[in-house]
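The structures come next, written out as C-alpha cells.
Here chain A shows up in two complexes: once beside chain B, once beside chain C.
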Partner chain A sequence: MRRFQGSGLRVYAVLYLAFLYAPIALLPIFAFNNATVIAFPLQGFTTEWFGQMVQNAALRQALLNSLIIAVSASVLATCLGIFAARASTRFRFPGRGPIMGLIMLPLVLPEIIVAMSLLVVLLAAGLSLSILTVILGHTLICMPYAIAILSTAFSSLDRSLEEAAYDLGETKWSAFRLVILPLVMPGIISALLMSFTISLDEFIIAFFLAGNQPTLPTYIFSQLRFPKSIPMIMALGTVLVVMSIALVTLAEYFRRRGVARTGQTDSGGFL
Partner chain B sequence: MTAPQTIPQGRSGTPPRPSLADRRPMIECRGVQKYFGDYHALRGIDLTIREGEFFSLLGPSGCGKTTLLRTIAGFEDIGSGVVLVDGKDMANVPANVRPTNMVFQSYAIFPHLTVAENVGFGLRRDPRSRAEKAAAVEEALEMVGLRGYGKRAAHALSGGQRQRVALARALILKPKVLLLDEPLSALDRKMREQMQVELIKLQRQVGITFVLVTHDQEEALVMSDRIAVMFEGQIAQLDGPEALYARPASRRVADFIGVMNFMPARILGETAEHVTVAVPGFGTVEIPARNVSRADPGDPGPSIGFRPEAATLLAANAEATGRVNGGVIDEVVYYGDMTYYDVIMDGSDAYDGIPHEVRISMRNVFGREVPDVGTRVRVSWSPGSLVLFR
Partner chain C sequence: MAAGNSTEAGQGLRLIAPPLLYAILLLAVPLLTILAFSFFKDGYLTIVREFTVENYVATWTDPIFRTILLRSLWVAGLVTLFTVALSFPVAYFLSFVVASERKAMWIFLITIPFWTSYLIRVFLWKVILGYNGVINSGLKSVGLIEQPLQFLLYNTGSIVLTLSHSYAPFAILPIYVALEKIDRALLEAGRDLGESRLMTFWRVTLPLAMPGVVAAVLIVFIPTIGDYVTPTVIGGGKIPMVANMIQAQMLDIDNKPLGSAIAISSMAVVAALSMVFLWLNRRFLRVRA
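Let's turn to the complex of A and B:
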C-alpha cells in the first residue's frame, strides 16, 4: 500500500466520497434551516419543519402505507426465498437451472417494464389498485435479492449437519427447525432487512400500482411541486437517513454475532 | 462385470476371535444393489457382520464403501436386495428410527450448540428427567475423555475433540451399531494413531458393533476384527487382517494392502498339495495350494507375490535357513527403524528381458552398517511365504 502514498489516488478517494455523501449531508443542514428557500447562506436554527412533518396527516398515512408494504413484502419475499434457496442448494431436480434463472431475472429486468406489465395484468384480472397490489409487485422484485442472500447462507452449511440430526432421532422438519434454521438465521435477517429497504424506497412500481394510496416515495415526489413544503421533505429525509444508518448497523451487529457464535470465518457481508 | 462373483470368505479357516462365529448376526446384507442414475454403485453386496464385531469396509475412493455404509444407516434407500439390522428388515425403516448411529467424516458437530447440548441432542425425545439426562451426557463425555467440557462452545474445539464429541453424541443413544465414515481422515498422523487405539479400547468397553469405512489399509489392519476389501461396488475379499495381509485373494487386493513384490511366473505342474512354478531369479518353487490366489482381468499372466519382510538379506558369512539366491542392491530407502532395499535378483530378466526388482525390508540393528547401493547380497526366503496369482 505504501507505494500509492502521495499519488493522486488519495485525492481521488476523497473526491469520490464527497460526491457520494455531500448531497446527503445537505439534508440535515436545510432541515434545521429557518427559511423556506433551499439556498445558502443559512438563516438560523429551527425545528419547525420537523413539527410540520409530524402534524401532516397525509404524510403519516403515506408512511404507514410504506411500512405496511415494506413489512409484508419483505416477510413474503424472505419466506418464499427460503423455499427457493433451500430447494436450489439441497436438491437436484430437472429444470433447476432455468427455474432459478427465471426467478433471478427481475434483478436485471428494467423496473418500468415489470411495473407496466403488472399494471396491465392486474387491471385485466379486475383487481383494483391498492396497497395489496404494491405488496405483490414489491415481493416480486425483492425475491431475487432475498434468494441471493439465502442461497449463500444455505449452501455454506455442511449437509451432514442435517443428516446427523435426523440420524439422532429427529424428524426431517425438526432437524430443519433445530439445526438448519438457527444456522441460517443471520441470512434470514439480512434478507428481511434488504427486502425491507428495497421496498421502502421503491418508486416506479408503487407509482404504477398504488392507485390513490400513496407510499412515502410517491408522496415525496408529489410534494416537490410545492416549494413551501420542501423544507418539510428535507426534515423527512433527515429522519430516513438516521433510520437507515441505525437499521444497517443493527443488521451488521446481528450478522457478526451470528458469525462469532457459530465460529465461521467472516466472509464480509454488506459492511 | 455382470455375473456376481463368488467372494472368497474366511479363507484363513480360523476367525480372528474364536467366539466371533458363534455370535448372532447384527448386520446382514443380501444381494444389495444400488444405482445412482446409470452409475452402478453397489453390485450385489453379501455380508454378515456379527454382534460386537469391529468391521471395516476398505477400498479406494469410489468403490462404494461409503454408499454401503449410508445404505445401512438409512440415508440411501436400498436399490434392490435386503439389509437386516439385528434380524429386522430395514426396507421401510427411516434413518431416524434405525438402531444405528453415525459418526460423520466432517463430524457434523452443531456449531450453534455447546458440547453438552451436542452430546445430549439425541435425548430430546427421551422421557428421562433433566437431571438424569445431564448425568448421561456427563457420563458419555467422560467415556471419550472430555469430562468437564460440557459448557464449552462446540465450534471452539480442536479436530480431535470434535471427533470425541461426535462419538459421545452417537454412543449416548446406545445404538446396536455404530457407523463410522472415515472418522480419522481429517486428523494429523500422531492424533490419528492415538485415536485408533482409543477407538479399539472404546469398542471393547461398550461392546457395540462398529462398522468403519476407510481408504487407509493400515487403519483397517490395526483396528478391525474383519475387513471387507471393496473394488467397484463389489467385495473382493472378506477376511481377518492377518489372512488379508498374508494371503490376499487376488493380485489387486495384494496391491492395495501394504507393499507386495510381484514377479512373473511360469506354471510347470500341479498336484493337490501344491503348484510348481518357475520364477526368474528364484528358480523352481512349489507353492502350497492354500497360497494360490486368482489373477485379475488384465494381469499380464501368472505371477508370484511376496511381502518385503518375507525375505531376508544375509550378511556375507551368515548361515542360510531357507533357500538363497543372489542379487545386487539397486536402491536403499532408509526409514530410521528399518530400511527398504530394492534388489535386482540374478537372472530375473530371464523371461522378458527386463531385470525385476524386489523390495526387501530389514529392521536396522544399531551399530550395524546399512549396505550401500551396488553391494552384492544373498537373499534368503522360504517357498511358504510366496503367493501365486493365476
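Let's turn to the complex of A and C:
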C-alpha cells in the first residue's frame, strides 16, 4: 500500500518535471531546425542560426554590456551580502528584523515597482540612463539572493574557531581573513555565480534603466517582433539556457562543498 | 577603539551599515519618492510640489483602472490557486517519498528552470501557443485539426498558464520546507490512535504544512500581480495588467504623479489582501516548537 501510494506520487512528480522542462526542451530542437518558422514537422538539421548569431554585431554589443553588468553587479551584491550575512548571523543588534526585512524586500516586491521607483529617483538625481544604472538596480535585486546563500554559510560557522584564533593572538581582521573567509569561500563563490546568473537573465530593470544601451534580454525582446529573427533567438536562447544551467550547477557544487566543509548534513537547495 | 563601539550591538550595526545604506538609497528612498509623487500635481513635463489627493481620486474613479486591477487580481488569484494546488503533491512527494540522500538532487532539478531566462521562458509559451506555433503545427501535421486553433494565445487563460509555469518552484519550496519540519512521530501517533491515512493527512499533516502553504500563496501572488512581461508578450498588449498601466502612465503618457498613485494603490490593495489572508490563517501560524 505504502509502495503503491509512493509510485503514484512519483509518476505525478515526473509529469510535473516534464511540464517544467517542456518549453525549454523546445529551444535546442528548433535552434537546429532548418526552417524559418517555429513549427512542426521538423525540416532537417542546420547550424545556420548559430552562425547568424555569432556574426551579429548588435548581439555582440548586447552580450558585452550584459557581461559588464553581470560581473559588476554580482561582485557588488556579494560584497554587500557578506556584510549583511555576517552581521545578521553573528551579532544581535537593535532593529535587526526591520533592517534585514528592508534589505530582503526585493525578493517579494514586483520588479516593475523596483524599476519604476528607481527610474524616477535616478532621473531626478540627474543621472543619465546607461549600463551603470542597470548595475545599481541589479545589485539591489541580487543582494537578497546572495545574502540567502551566504547566511547559510556564515550561520554554520563554529564560533569557537574564531575565538581560538583570537586566543592565538590574531586580530579581528586577520582572524576573519585566515579562519572565517576560507570556510565561507564556497558560499561566496556560490553567491557570485547565482548573482551573475540572475543579472544576466534579468529583463525588467534592464529594460527601463538601460537607456538606449541594449543587454541580452532587452535585445531579445526587441527582436521578438520580427518573425525573421526568431530562429536566431532560439539559438541564442539555447546558449543562454545552457550557460545558466552550467552556472547554477557550478554554484550548487560550491554550495554543497561549503556545507560539507563545515560538517553539516545537506538540507538541499537555494531559497 | 572606543569601548562603546566594541559592544556586540555596535559591531553588528557597523557591519550592516553598507548594505543597509545601499538598500535605503536605492530602495527606501525611491519607494518614498513615488509615495510623495503620488500626492503631487502633474505640470506639463514637471512635477508641481503641491499636496493633492486628486491622483488617487482620478485612479479610483477611473473604470479602466478598476477593470485592470480586477483582472490582475483575478489572474494572480488563479495562478496562485493552480500553482499551489499542483505543487503540493510534488512537495509532499519530495518530503515523504524521496530517500533523503536524493532530495537535494530533486530540488535542484525543480529549481533549474527557474534560473533560466524568464523572458525566454515566456517567449517560448508564445511560440508553443501561437497561430502557427508548436501545438497548432503539431496537431495539423498528425491530422487532428484542419485549421489552427485560435483560442490558445492572447487570452487570460494563456497568461495564467504561462505565469503558473514560471512560478511553480516558488510554491514547491516553502511547502517542502514546512513538510520537512513535521515530526514524523506525530503521523505515527495519528495512525496508532486509529485515524485512517486520509484523516491523518487532513488533521495532522495539512494543518502543520499550512505555514508553508501560506508562504507559497504570498510568494506567488505578490510578484504575479505585478508581472509585466507575460501580459505584454502572451497577452499581445491587448490584455494589460497593472504593471502595464503603471508603465504607460509613468513613461508613455509621462504623468508620474498619476503613475505613482496607481502603483501605490495597487501595492496597498495587495498588502491589504495579504494581511486579510494572513489573518484568516492565523490559527495555523501560531508559533509552535
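The rule we apply is simple: the second predicted complex is superposed on the first by the 247 of 271 C-alpha atoms of A that agree within 3 Å, B and C clash if a C-alpha of one lies under 4 Å from a C-alpha of the other, contacts with A are read in each partner's own complex, and residues count from 1 in each chain.
Just so we're on the same page, a contact is a pair of C-beta atoms (placed from the backbone, for glycine too) under 8 Å apart; a residue touches a chain by one contact, two chains touch by 3 or more.
If you're wondering where the values come from, they're calculated on a predicted model, not measured in any experiment.
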Chain B and chain C placed together on chain A: clash or fit? fit
Worksheet item: Touch check for A:T171: first (chain B), second (chain C), both, or neither?
Response: first
Note to self: With both complexes overlaid on chain A, does A:V179 touch chain B (first), chain C (second), both or neither?
What the structure shows: first
- Query: With the two structures laid over each other on chain A, which partner does A:P98 touch: chain B (first), chain C (second), both, or neither?
  - Reply: neither
Check: After lining up the shared chain so the two structures overlap, which partner does A:G126 touch, if you call chain B first and chain C second: first, second, both or neither?
Finding: neither
Query raised in the report: Counting only touches as set out at the top, which of chain B and chain C does A:D158 meet: first, second, both, neither?
Result: first
With chain A at the apex, the angle to the CA centres of chain B and chain C, rounded to a multiple of 10 degrees, reads 90
Is A:G44 touching the first partner chain B, the second partner chain C, both, or neither of them? neither
Between chain B and chain C, more residues of chain A are touched by C
Minimum Cα separation between chain B and chain C after superposition, in Å, equals 9
Contacts from chain A onto chain C in the complex sit at residues 5-6, 9-10, 12-13, 16-17, 19-21, 23-24, 26-27, 30, 37-41, 80-81, 83-84, 86-88, 90-94, 96, 99, 102-103, 105-106, 108-114, 116-121, 124, 136-137, 139-140, 143, 147, 194, 197-198, 200-201, 203-204, 208, 217, 220-221, 224, 230, 233-234, 237, 240-241, 244-245, 247-248, 252, 256, 266-271
In the complex, the residues of chain C that touch chain A are 8-13, 15-20, 22-24, 26-31, 33-34, 37, 86-87, 89-90, 92-94, 97, 103-104, 106-113, 115-121, 123-128, 130, 132-134, 136-138, 140-141, 165, 168-169, 173, 180, 197, 218-219, 222-223, 225-229, 233, 243, 246-247, 250-251, 256, 259-260, 263, 267
Seen from chain A, its contact residues with chain B in the complex are 158, 160-161, 163-171, 178-179, 182-183, 261-264
Within the complex, chain A is touched by chain B residues 73-75, 95-97, 100-102, 104-108, 110-112, 121-122, 124-125, 153-156, 169-170, 173
